[in-house]
Amino acid sequence: MALTREQIAMRVAQELQDGFYVNLGIGIPTLAANYVSTDIEVMLQSENGLLGMGPYPTEDQVDPDMINAGKETVTAVKGASIFSSAESFAMIRGGHVDLTVLGAFEVDQNGNIASYMIPGKLVKGMGGAMDLVAGAPNIIVTMTHADKHGNSKLLESCTLPLTGVNCIKKVITDLAVLDIRDGAFHLLETAPGISVEEVQAKTKGKLIVSDSVREMQFN
Amino acid sequence: MALTREQIAMRVAQELQDGFYVNLGIGIPTLAANYVSTDIEVMLQSENGLLGMGPYPTEDQVDPDMINAGKETVTAVKGASIFSSAESFAMIRGGHVDLTVLGAFEVDQNGNIASYMIPGKLVKGMGGAMDLVAGAPNIIVTMTHADKHGNSKLLESCTLPLTGVNCIKKVITDLAVLDIRDGAFHLLETAPGISVEEVQAKTKGKLIVSDSVREMQFN
Amino acid sequence: MAGFNKVVTNYADAMNGLEDGMTVISGGFGLCGIPEGLIAQIKEMGVKDLTFVSNNCGVDDFGLGVLLENKQIKKMISSYVGENALFEKQFLSGELEVELTPQGTLAEKMRAGGAGIPAFYTATGYGTPVAEGKETREFNGRHYVLEEAITADFAIIRAWKADKMGNLIYRDTAMNFNPMAATAGKITVAEVEEIVEVGELEPTHIHTPGIYVNRVIKGNFEKRIEKLTLSR
Amino acid sequence: MAGFNKVVTNYADAMNGLEDGMTVISGGFGLCGIPEGLIAQIKEMGVKDLTFVSNNCGVDDFGLGVLLENKQIKKMISSYVGENALFEKQFLSGELEVELTPQGTLAEKMRAGGAGIPAFYTATGYGTPVAEGKETREFNGRHYVLEEAITADFAIIRAWKADKMGNLIYRDTAMNFNPMAATAGKITVAEVEEIVEVGELEPTHIHTPGIYVNRVIKGNFEKRIEKLTLSR
């Protein structure tokens, strides 16, 4: 079975290591924060200018001056710092954020990503995504493996306008976990009940299946 | 009589206007702070990272963490702000400081200034001078009109390595006040007892003497 | 305090000098930290053909959206403009020009504008539509795009506390783009929640030194929340 | 707190990894705001052929001067080096290489290094020896020089207060170059006057977020005054 959004988020959460500063994009990446192991500590960076983002507020805690990059009301954890957007992107552009997780429309075997624009539809803007993919040393894309028509989103070459080039290192989809290196997707893990063949069928870009492919583990 | 250092500083102080943010270089410019009219308020910028520099401290007030760009112990006035050197030079480079006054070895009729390096002598460094002359919209040089051998320091073209080009608008010396524009020094004021002829004799660059030259006024 | 008293007491004085065709940088991220009263005053003045530099363009009936509604904006330089049906309509009809700029590049362009840096290189946008027509260049084996600074005739910002000299402190994430915006306006106007006496703000806590600020006005803020999210 | 506890309790741990030939950025302006104990530790370690990036080079027997004395510095990148007879001697004898950089350009090069900006344009130094061999370029009728970013293997800085996560607050003008230096080291070590509990520092008062800081050590500072000037 393909993973649910929550299951993808659970698998993404496994990528977070103790002591990581992490930027989680809107959608599934943000959900991952709910599944971080209690054995580790991570600090969440929100690119509007907050390092140490906490949970959503209770009704008493709601403060219009305290929001995240998705414009949602949030709280700050102990040890948080708050700064300008220029400082925030200095942090991002300078490669100080250990891991960025974000969604995408397409990713290709060279690590290119398209995530902000579908020609013919209204362009809403890239927000901070272009800075994030150009800045973080380690970037994971999370998305469904194929679109609702069954077309692969893991391509030989992105067809949509790019958000960034040669920057995506890993993809976590509802079907699989794959590394991107040397011009190919490398299959590392399959979702429970998903065969290697199904992943192969739904991956349009070059796919290398190693001997050590394993099934995703959930606690 | 040529002006004393204190008299030059008094004349420099007349250039400060109410509401000006001012950077005063080491030496005579710093002395000018003592002669600012009590009718006006100015804020002194010190390029290490202090806006609102106050007088030297009393013995009780001395704090090694509170110094100016000359590395002297100072105080901060009410309304002061303290920031990093990057922020300080953003302020300077961005043209936010209304007036900079600094010393020089030479100035020429095109507004070039040489102030940091005498070849053959040890180079101690330009500190913030190059940023200041490149940044301030209004820059006054104050120095003696001639060196101790009687050689003019107001030249057709600077002979020493430059600190900045086309940036000096006004020169206040022990003999005169001169504007620099259109490739010439324009004599505006002479020191009490100094003749126009003496200024002419001691100015090597192109000097234009207007009809309205007047004697410096001191209160 | 004659020389450094920047407090103005009415919005007409606060925005005095704003004319048709001018460029305005606005602080704020979404509806957070926006100068509500200054935006209302611009609507009141009715000046037209403005270019706005702001990360977002408000929503239909709040923030910069009210100036769109009033057809006062000719061009937006923003990173994300997706919360606004009116925006979409004016953009598709060609009434509104839009220059999409990555958020970090936008923040840095404002900072550069205020800091006297005419242009800088960034890896952001290399190989994407953002780099089209721009110079690219390699440093140490990586590719970068040359981006130019932004300055404006006016910068309008919101702060929490100001003293009369224009020293500013921001509150929480309402800081966002306001500090950079403050540095990049020929005339910078700060609308604040509270004006305190000179000397009350600790010098090392000041986020924006008064040298960047020309006018300060005390505002009353609705502080509308764009997405109320609560913990379960 | 396993993951974010950056406190180390001895200087050997603080400077662990520093090797011959490395580049070190140091905060401080003159003798103000310098990481005294970290400098002493570098002397203790005896590592050689270091390149130091620091606005100044201390005095003969204090600050970075002690590393000059011990012949550990191969090259200085500084804006002003004039308080130091030893410096003069080593420079004139050719033992010491010096790259003079305008103070504001030096500060911005460090900031750029930390902020992922490989190069920027500045008017500072145009037409002077500083621009020799560098690209120059016109923007809007003014001339500018292209300056490249600086990063380093280590950054050593001094702060006033730190929490265990490495969030830092500076005291008065001891801030100076420390915030930019903090961003530009592969490993950044902060020597501080006081270590407080996480949560004690107000988020909007933090000058350097902990993300930039790898190690924190509590120091004892002499805080020598370079020029004692008193009001009359």
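Should a chain be cited, it is by its letter among A, B, C and D, assigned in written order, with residues numbered from 1 in that chain.
Here, a contact is a pair of C-beta atoms (placed from the backbone, for glycine too) under 8 Å apart; a residue touches a chain by one contact, two chains touch by 3 or more.
All values reported here derive from a predicted model rather than from experimental measurement.
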item: Joint neighbours of subunit D and subunit C, given as chain labels; value: A, B
item: Contact-richer chain pair [B-C vs A-C]; value: A-C
item: Between subunit C and subunit B, distance of the C-alpha-averaged centres to the nearest whole Å; value: 35
item: Approximate Å spacing (C-alpha centroids) for the pair subunit B, subunit D; value: 29
item: Rounded Å distance between subunit A and subunit B, as computed from the means of their C-alpha atoms; value: 55
item: Per-residue multi-chain contacts in subunit B, two or more chains; value: 50, 76, 82-83, 89-90, 92-93, 134-135
item: Residues of subunit C whose C-beta touches two or more other chains; value: 108, 111, 115-117, 122-123, 171-172, 175, 203-204, 207
item: Arrangement of touching chains [line / ring / star / complete / other]; value: other
item: All pairs of touching chains, each written as two labels joined by a dash; value: A-C, A-D, B-C, B-D, C-D
item: Subunit B contact footprint on subunit C (complex, rising order); value: 1-4, 111, 113-117, 163, 165, 167, 183, 198-199, 201, 203-204, 206, 209-212
item: Contact set on subunit B toward subunit C in their complex; value: 18-21, 40-43, 45, 50-52, 76, 78-83, 87, 89-97, 134-135
item: Parts of subunit D lying in touch with subunit B, wherever the complex brings them together; value: 29-33, 55, 78-82, 88, 91-92, 98, 100, 102-105, 107-108, 110-111, 122-130, 171-180, 207, 223-231
item: Subunit C residues touching subunit D - in the complex, by the definition given at the top; value: 108, 112, 115-123, 139-140, 142, 144, 148, 169-172, 175, 203-205, 207
item: Touching residues (chain side subunit A, partner subunit C) in the complex; value: 46-50, 55-59, 62-68, 70-74, 76, 82-86, 88-90, 92-93, 112, 117, 122-131, 134-135, 161-166
